[in-house]
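Here come two complexes built around subunit A, the first alongside subunit B, the second alongside subunit C.
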Partner chain A sequence: MALIRKTHTPSDGDSRRLLRDREGLLRQLDDESAEARRWAALDLAVFPEAAEALCAHLQREIQPAVRQAMLTALIEIGSDAVVEGLLPLLRSEDAAVRNPVVEAFQHLPDAVSPHIETMLQDSDPDYRIFTVNVLNNLRHPQTPGWLQTVIESDADINVCAAAVEVLAEVGALAAIPALTALPGRFADDPFMQFCVQAAIRRIQGK
Partner chain B sequence: MSLSQVVPAISYEEFLKFRDFFYRKTGIHFEDTKRYFVDKRLIERILATGNENFRGYFVMLRFEVSGAELQALINLMTVNETYFFREEYQFTCLVNSILEDIVPRKPRNEPIRIWSVPSSSGEEPYSLAIYLLEHWPRANDYDIELIASDIDTVILDKARQGCYDKRSVQHLPDALLRKYFTTLLNGQYQINQDLRDSVEFTLVNITELTQMRGYRDFDVVFCRNLLIYFDDTSRRIAAEALFNALRPGGFICLGHSESMSRITPLFKVRKFPEAIVYQKPLR
Partner chain C sequence: MKRVLVIDDATTVRMYYRQVLEAQGFAVEEAGNGYEGLEKALASPFDLYIVDVNMPKMDGYTLLRTVRQEPSISATPAIMISTEGQNQDAVAAYVAGANLYFQKPVRPETLVLHVRLLTGENPP
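For the complex of A and B:
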């Protein structure tokens, strides 16, 4: 007993016996075994044309580990088709579907950036809040500018409050004039005044 | 380098081109601040391979069938800074908490499998071996398999030889140094044959899912101070691979400045008295 040396030989799990070509993998996204679905999703990362199917399955997948694998594969593919496929899922009522989309977009700044302005003009305030959530961790030079546009022009107080919260994290001194002006647009709401003051203090490092 | 050799310069555009290529091959991303580090090593390989400039070398690197030069470059670009009993509290956590969590659900005839990745020159896997033998009372009740892997072939050879200088062993108590090492004529310390025989060293690139498929059924993975070299996407891919490598209920130990929760929600956070570690859910 105790320490033993075992020569490492790569194992061939059960899922390896299944077909690993694109069609086989796509079929396995519906397999009853979560393990098989997870491996299929990971292996589909090398097939950019699988983006649409992965997005569709992400919407109905119930196992968190399989959802994460699908998300990783989609991030690896990282194409415009991935963003196009995920955009509708950002409207989902189910946070378990919506949150991974926010996370995926944050990994894909170049692919998602052409859509941000349109997303911020959506008629649904919740959708605009989720877009602000994307901006919370989007490594793109335009991010502070988009947030500033939100607080200058969005009519919904909750969307603006979400943007103020993100600006407190990522904003520069240049955002302070727009922040200072914001409570004037929601003069009846002392909460906004409080949020803005807190954000300005964070930006100034106080 | 001979006097007749002209030291090639690497332009910023070439640095970017190389950075992108190296990232795609290894998942390792170099920030602009690492440019001096990267340029210095690139120039070393350009000259060593008889190329005159980056352009010629880069063509060779991309199209060389054997991949030997890419491996040589990986060996140079990866950092191998470690020593025995580094971040010892995690070894304490292993023997006091992690293994005690694992063994109640493990049949006696099933080995406990522990993976050290990246193993670097072997200090971590050999530390694990010593710690288990010295501090885990049940070490004799179970078969324990120790696999240690790295992306760097030179460092793996060094690990198999198990020879260390004074700096590497400075945190080891004298009694353990005497018990498990032989002092060589050149002043180095070589770890005993029994321990060298107990660790299997293998070459692996953790972001290559194809390679990672073979790494399965581990109870504990030590993956310390590796993910910090990766960018966000590679970290996610690596986290998926580590998840696949673990048995349900298995544990992963990261470096003290790393957090799996910032990478993926796949793992449960487990707060033991000695350390915070991450667990693959049981089901």
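For the complex of A and C:
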């Protein structure tokens, strides 16, 4: 007896009883039911080749719970394709799209780390700040070194201030000489002087 | 004493605003993200909110939109301060409900002047 595929639009009550193969799940990312989209996203976590589609849908998804499910699936997949797909979203004007990408990258240190140096040299200072924010919880051995390079070379005071904040968080003792030298690059700004003094105190545990 | 709530995910930034404002006689409380800021705003009255844009959990725009829809706190003035300096960023801040928008870093004298203006606090 042939199996009969269900093709109707799901309601919240049967949002996980539809086709669970990859193609069926990908179609359900466009379902009018947010619950169906959420379950489809979660179930796509076992299909690495769904990364590109999940990233594309993430950009236009408006329901926070569905966005979170998409990010959960993407973190589970955790491939280079996921990082490639999420990188453009870091430029989104919508903080609700951008912030979860920062959090997702923090869970993917091995996949993200090859991109960090390029991201830190982007022409957009806000993009560089978001990259520094990624470093905040990346748990990668190169993090203090990347941050030190920022405070030694980045021309934007807000990018440097963000890096100082993260250096204080990660407690990088080796960065103290570079921190001490930083206010000299922004000599007339009391905010940077305050940031550096506070960071050094936090790193030294005072 | 006028009460100011500083909402910013950067500890150092919150410490900086606190030091600047407390030296001028303001009482300062801090929140590390939009959710925490909203909770504190609803829990007790403030004379002014200073709000960052990019924060985890709830960003500054969402926070201000929520504040402006909450009758008990909707009239409280707010200064939004962000690293983003494009005109569109200022417009987005005003649309969300900010009374003033500044790009970081804000010089201390500028911050104090505008906090006084918005809270009606006279110089000592």
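Here is the rule we go by: the second predicted complex is superposed on the first by the 192 of 206 C-alpha atoms of A that agree within 3 Å, B and C clash if a C-alpha of one lies under 4 Å from a C-alpha of the other, contacts with A are read in each partner's own complex, and residues count from 1 in each chain.
The rule is short, and it goes like this: a residue touches a chain if its C-beta (ideal position, glycine included) is under 8 Å from a C-beta of that chain, and two chains touch if they have at least 3 such contacts.
Treat the numbers as computed from the prediction; the structure is a model and nothing was measured.
With both structures placed on the common chain, the touch criterion links A:75 to subunit B but leaves subunit C unconnected. In the superposition on chain A, A:129 contacts subunit C only, with no contact to subunit B. When the shared chain is aligned, no partner comes close enough to touch A:92: not subunit B, not subunit C.
When the shared chain is aligned, subunit B comes close enough to touch A:65, but subunit C does not.
When both complexes are overlaid on chain A, the residue A:191 reaches subunit C alone and has no touch with subunit B. Looking at the shared chain after the overlay, A:149 reaches neither subunit B nor subunit C.
When the two complexes are superposed on chain A, none of the residues of subunit A touches both subunit B and subunit C.
Of all the residues in subunit A, the ones that touch subunit B in their complex are 1-13, 16, 38-39, 42-43, 45, 64-65, 68-69, 72, 75-76, 78, 107. Residue ranges on subunit B touching subunit A, taken from their complex, read 111, 129, 132-133, 139-147, 195, 197-200, 202, 209, 213-217, 232-233, 236-237, 240, 243-244, 264-266, 281.
Here subunit A touches subunit C in the complex through residues 93, 95-96, 98-99, 102-103, 125-126, 129-130, 133, 157-158, 161-162, 164-165, 168-169, 189-192, 194-195, 198-199, 202, going by the rule given at the top. Contact residues on subunit C toward subunit A in their complex (touch as defined above): 10-13, 15-16, 19, 53-57, 59-62, 83-84, 88, 104-108.
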